[in-house]
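Common to both upcoming complexes is subunit A, partnered first by subunit B, then by subunit C.
Let's look at the complex of A and B:
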């Protein structure tokens, strides 16, 4: 069970089985530590022939995390508006080789030339030229970090003129995306050689064609790989708890879940809980905060599971339907929404960081080494 | 004949010195003429020399029409050219004659067409002819013909430096529409990194906007992109073949014919393909994680590396010779995964020491493996198994070439083994598994043995055989690796500073021990489960053939005996081959132990072989000798003990002889055969009669002659000579090995 949770697809297979919530948290991953290939000293003196050794210790998804605070992030409102209220498609990215935060201007030019060249296969494009139909702008999102090891978030926007635009019509944004790392595992980040910049979470929004062009430009320029990032069952449950926990400070209005049950024909259940009721249930399962004064208020996986258990029990009492047999596909509150397929939307910038921390963790778990 | 020789090659020293002069030091036209005069003295009577002289001396403006001299001389030259080719100086003269339009342009194409070189084309002549292009009197069709000729003989031009020097001049012809395709091809052949400049890129882009996407422009631009990716961006449609058209060259067949006649092979690469990749027509798929990236150079160069030394992008390297030449200043490609796609790049990968580069490669490889086989976003790997198969095969052959596994494939396997069904891509997965480097003994159980054990006991006998073979290969690689590095480092196995997990000799021994024990456990139970399946037994004996020689062959001071679950099934096997192999293994154990013991006495840093190992070995040997030789199968104190009354109840007559060399089911047929040969005509067979002294030794000879060398070695090393009597000898099978070895 624990090993199976590594792959989202395994999760799907198991939906018909009653899940033991506590076991399903055990998302394992072998972290890469600083070690190299075990090897006797070789003649030249470099033991690592073909790369780093996969670390031999297993790591799991955190079983405890800080309660979200409405922390004041220092990002400018202009940039924040670019990030919130858009539904983002998530991907994970392996570390970028020789990415320089100082060369964003050059990257903008190169990417726009690349898109132009790809759009018109077989036509060479001058990199220095500016007469491209696509204008790309890279920018830094300063202030959106949680720890010192996090690399600065990079935002990319592509502007273009509509096909039948008037001469003087301004270019409109047609695609945007960003690469981020919020509170990434310091052990992992520090283990990378300094040539690598780790921005494991990639959010994109816009035409799929442009997304894949941006991805392939990144692949060719920084020797990285992009893979889809789903939000696992456990992560969705975490998000529910984290968001509900905010109710005291900022109303979540309602807690909405969409479940799919494995019956023929497939049954989809939309389960909406009033904010107050959800808060009451959440408060009842919260353990006494044993932490002393001034210490971080933390949430434990057991609390999340009891919360879920409570919600499921309530549903069962009314409809005689055990949701444990189904799978949670979608969660939404006034603070944001998340889908199993890897879509996320932040509706309130205040609690964004907490969500991003969880997603960064998920992205890092997907790293091949 | 002499005349032809003169034209096609230097027949005497006089001429050869002339050729040298004209070719290497590139004398001026004038000195050529001086030389020509000299030659006239010697070869005045030679008609073709006279013909050449005619063309070099003919006055400008001489009429062509009605001029019999021209016709006669040209026919002479043509005859020689088409039969044997023209010598370098003849090419110079004729090219100069044609391009200078001394007799107008009507003869020009005809002369160009017969310019078939026998050896090389002097660069100087080509440069001069290109200069004539600028004079602007030559008809376009003739200009095209000339460039085509240069393209054809390009590989035969003796040097290219001066041609590169006038690159700019040649480049200026691209704007001439008719010449453009051929000029582009010529430029393609001449381009170096220094030549690629912004203004040239601009000019070509401008042409492109005028002419549309022409393949010749595209090819030249893509070469520019290879050299200076920061100046031009281009994506080549997967369908288009970016190779210059092999224009219908009038010289090609003549050139080949001449070369064939002269027995030389100069212009082997007339059709020069561009450096573009040959994309196989891949089936369209949703995901591309298994596609190897294209080898391309880095766009964003690091400034400091550029100043320190000149780096050569790997893309530009075309041969092993070039690779060796530039070995210490090669620029790695933009995507490390692309190295797997080219055999030349693999050669280089073997020398890459850059940690980041290997990490990049591992990230890519790990990503591809994970996405394809673990995450399988779109419903399982089975649908793309063809691609997966090819990919894994490629990976395997790469690892085989490098004689090492990638750490990302190792990390992948540790995860994959937990979800593997044991049949998906079995040969490939087992192949990858056998490349896993030494795993510390503390982790080996969790990472390898637990998942493998589950697979082993739930899979078919063929999987069992496959797994044993795989673990056998794994052990072989570990041992080889040990013997190589231990020898190199003079058994100094302290690890360098890079390594954080210390693999000491004892650590390595522990891992090997764990692996051997694990296979021992699998083998014992596997043989039981499969009823001593003979294929499985054979795989297991393969494994122990290696294990028994670990000390002598691989220098690892470790001796591990097989468990009884392997020993007895092999000893009582119904096929003689298994028994023979067991005998061989026991013989090798003996040799190893003896040598280890003597070494232990000699050297101070003696290693310790436990008393238990010697005891086990002695015990097995004694048992084997007793069983096969002494017909004392159920001696008290041996491992296989059965109650006396139980044995009597079985009604087997003389049960103690059941597994001697005569009655052993594996050898019974030999005994019968021997009996028939020995006592011809004797109707009733009495196998016991073989056991008498004479027939016994004959019987042994007979068995050994059937190819049972293992048995032979075992008998020779364990049974003292002269004690051949199986029936009476009671101590002859005694171990030579002292069983009271110091611990």
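Let's look at the complex of A and C:
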């Protein structure tokens, strides 16, 4: 949906309204120099750093998560197509100061003006140098939330005309990105002052130059900061397990892992397991489900580790080569692919939410103190 | 000049790097001294192409002359694209006596019987290899000189190396090869790579092998910062052992440059900690692909550094030992030639 007709929908999303007051009172900033960049560990960890409440373990990745369920998403198919089947580069973003979901139209104008100005400065190559070569549109992705505390996802698209295009040629999308928060730690989200919106996960796809322009506009406008988000070894293993767990409902076609081993010259091992066999191995390491009828089916980190251990052991039995000596760089199934370098692709929208929950958690953890 | 000839010249000039053009043209020997000097003085690729087109016109050079130029360049620079190894099996009584002239004649006539529109060029290279260039056509089209198949065969050996062969053309090449070499079968050798010399050396066992008895002390003195002599002595022996075993498995010296090896595993899942899977009847299906810029070197380093346990598993040492890089592994053989039996545990 576009920025223009968002207000009625905003009403339904009470939470977002609460976080983006329509007629906000200007907040007095205490000092010009003080930054409002707030981090997860800052707030969550402050107490434990002082040694007051050692009980908080939120600084580590969750050790248990819900099994993926399909058909949870209520996003329109039109918007979903914008998110799936594209490989996204991941970044984390600190909470946005005074970002309003109701002012997307203004942001669209501001960002396109910003890009035009920056391009004219000669920071990037633009022969024409004319204004309005880039058209920016901000929009809301409604329905893509997991908990009431999650702020509404924001999608940004930049259209442009090719350099030597004809007059009547339509503008083409050259860059897209989105900011999201799926099932962010409620304790942390609630602890934020009311003028902050937390959308910690930033996915971008398109020319790198535009990515950095968008980032610097956000930094200037909302006093936030960006950083690269890599997908850790543990997160990759989580994704393997979460995706394999879907096999009974939707075929994962195959489970593929790419490892690199630190020898000279570097050795790459691509280990591809048949979908059905991967699922059987996964089921064999699953603990007896103690949850009663109707309760959430949860997955434990121990199960994820046993699954990986099983795969490694089978490999070792044949090649007597220890994969633990190397690093897992990439995992992929028919549901999606993830790379250690911080690239993610959702190939099936049904199970997107689960993946995004994990990534949101990673992004929150990655924020600087 | 007709369009196909022009395109062939353009294609050739695009392929041959400028710095190699001079020697390639000299080997070709179709240019007069003056023409050669004129070519040498030109810098731009475009101008060189235009000039060569003019020379072709002037010297009345035909497509067959141009294919000759292509072959000269290809023989000198064979590492372009994937090469696949094939092996001829079940030789007839007269297989050992086939000579070059006989082979040339027979191969051409057999292939022409199978495909009417085909252009074949055969050239013997210095290292006993016979190079064959085949441009395929069909009932409705002339031979396509832009997509030729290259075949390298060592006379009196069962080895054949092929690049750019489509599955449609394979049966025809197979039949022509079998008939003209007096063998019964033309089989996939399950070995492929980008480096022709490497896969040839592997298949024909031409690389430097290391045998347990012959190998001198592999330890080389290395000046290191102050270390504990006890620890060093303690570690030196296993390290030397690992290196020795790594060399025995993969060879010493410079190893043939192979890019990948693929194992299709259809073996049972056995893990004493997982009874559920171990008791399962069906095999655990997976495919493992190893890749590197020099696979054997990488694997050797894995073994010598301890990432791979020694002695090296037969699965990995089979790459140089059997001259293969595609394997199907099952629990109980015997199966087709490419299969291996899993004997561990």
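Please note the rule applied: the second predicted complex is superposed on the first by the 300 of 369 C-alpha atoms of A that agree within 3 Å, B and C clash if a C-alpha of one lies under 4 Å from a C-alpha of the other, contacts with A are read in each partner's own complex, and residues count from 1 in each chain.
Here is the rule we use: a residue touches a chain if its C-beta (ideal position, glycine included) is under 8 Å from a C-beta of that chain, and two chains touch if they have at least 3 such contacts.
Bear in mind the structure is a predicted one, so any value in this text is a computation, not a measurement.
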item	value
Touched partner set for A:263, first subunit B, second subunit C, both or neither	second
Touching partner for A:280 - first (subunit B), second (subunit C), both, neither	second
Which partner, subunit B or subunit C, touches more subunit A residues	B
Subunit B versus subunit C as contact partner of A:271, first or second or both or neither	second
Touched partner set for A:317, first subunit B, second subunit C, both or neither	second
First, second, both or neither for A:227, with subunit B first and subunit C second	first
Touching partner for A:253 - first (subunit B), second (subunit C), both, neither	neither
Which of subunit B and subunit C A:325 touches, first, second, both or neither	second
Partner chain in contact with A:116 - subunit B first, subunit C second, else both or neither	first
Subunit A residues touching subunit C - in the complex, by the definition given at the top	261-274, 277, 280-281, 284-285, 310, 313-315, 317-322, 325-326
Residues of subunit C defined as touching subunit A within the complex	263, 265, 267, 269-271, 274, 276-277, 280, 282, 284-295, 297-299, 301-302, 305, 307-309, 312-313, 315-316, 329, 342, 344-345
List of subunit B residues in touch with subunit A within their complex	198, 201-202, 204-205, 208, 213, 217-218, 221-222, 225, 230-237, 240, 289, 293, 296, 299-300, 302, 334-337, 353, 355-356, 358-371, 374-377, 379-380, 402, 404-408, 410-412, 414-415, 418-419, 437-438, 440, 443, 447, 481-482, 485-486, 488-489, 492-496, 498-501, 503
Subunit B-facing residues of subunit A, complex	3-4, 6-10, 28, 30, 32-54, 56, 94-95, 97-98, 100, 103, 106, 110, 113-114, 116-118, 121-128, 192-193, 195-196, 219-221, 223-225, 227-228, 366-369
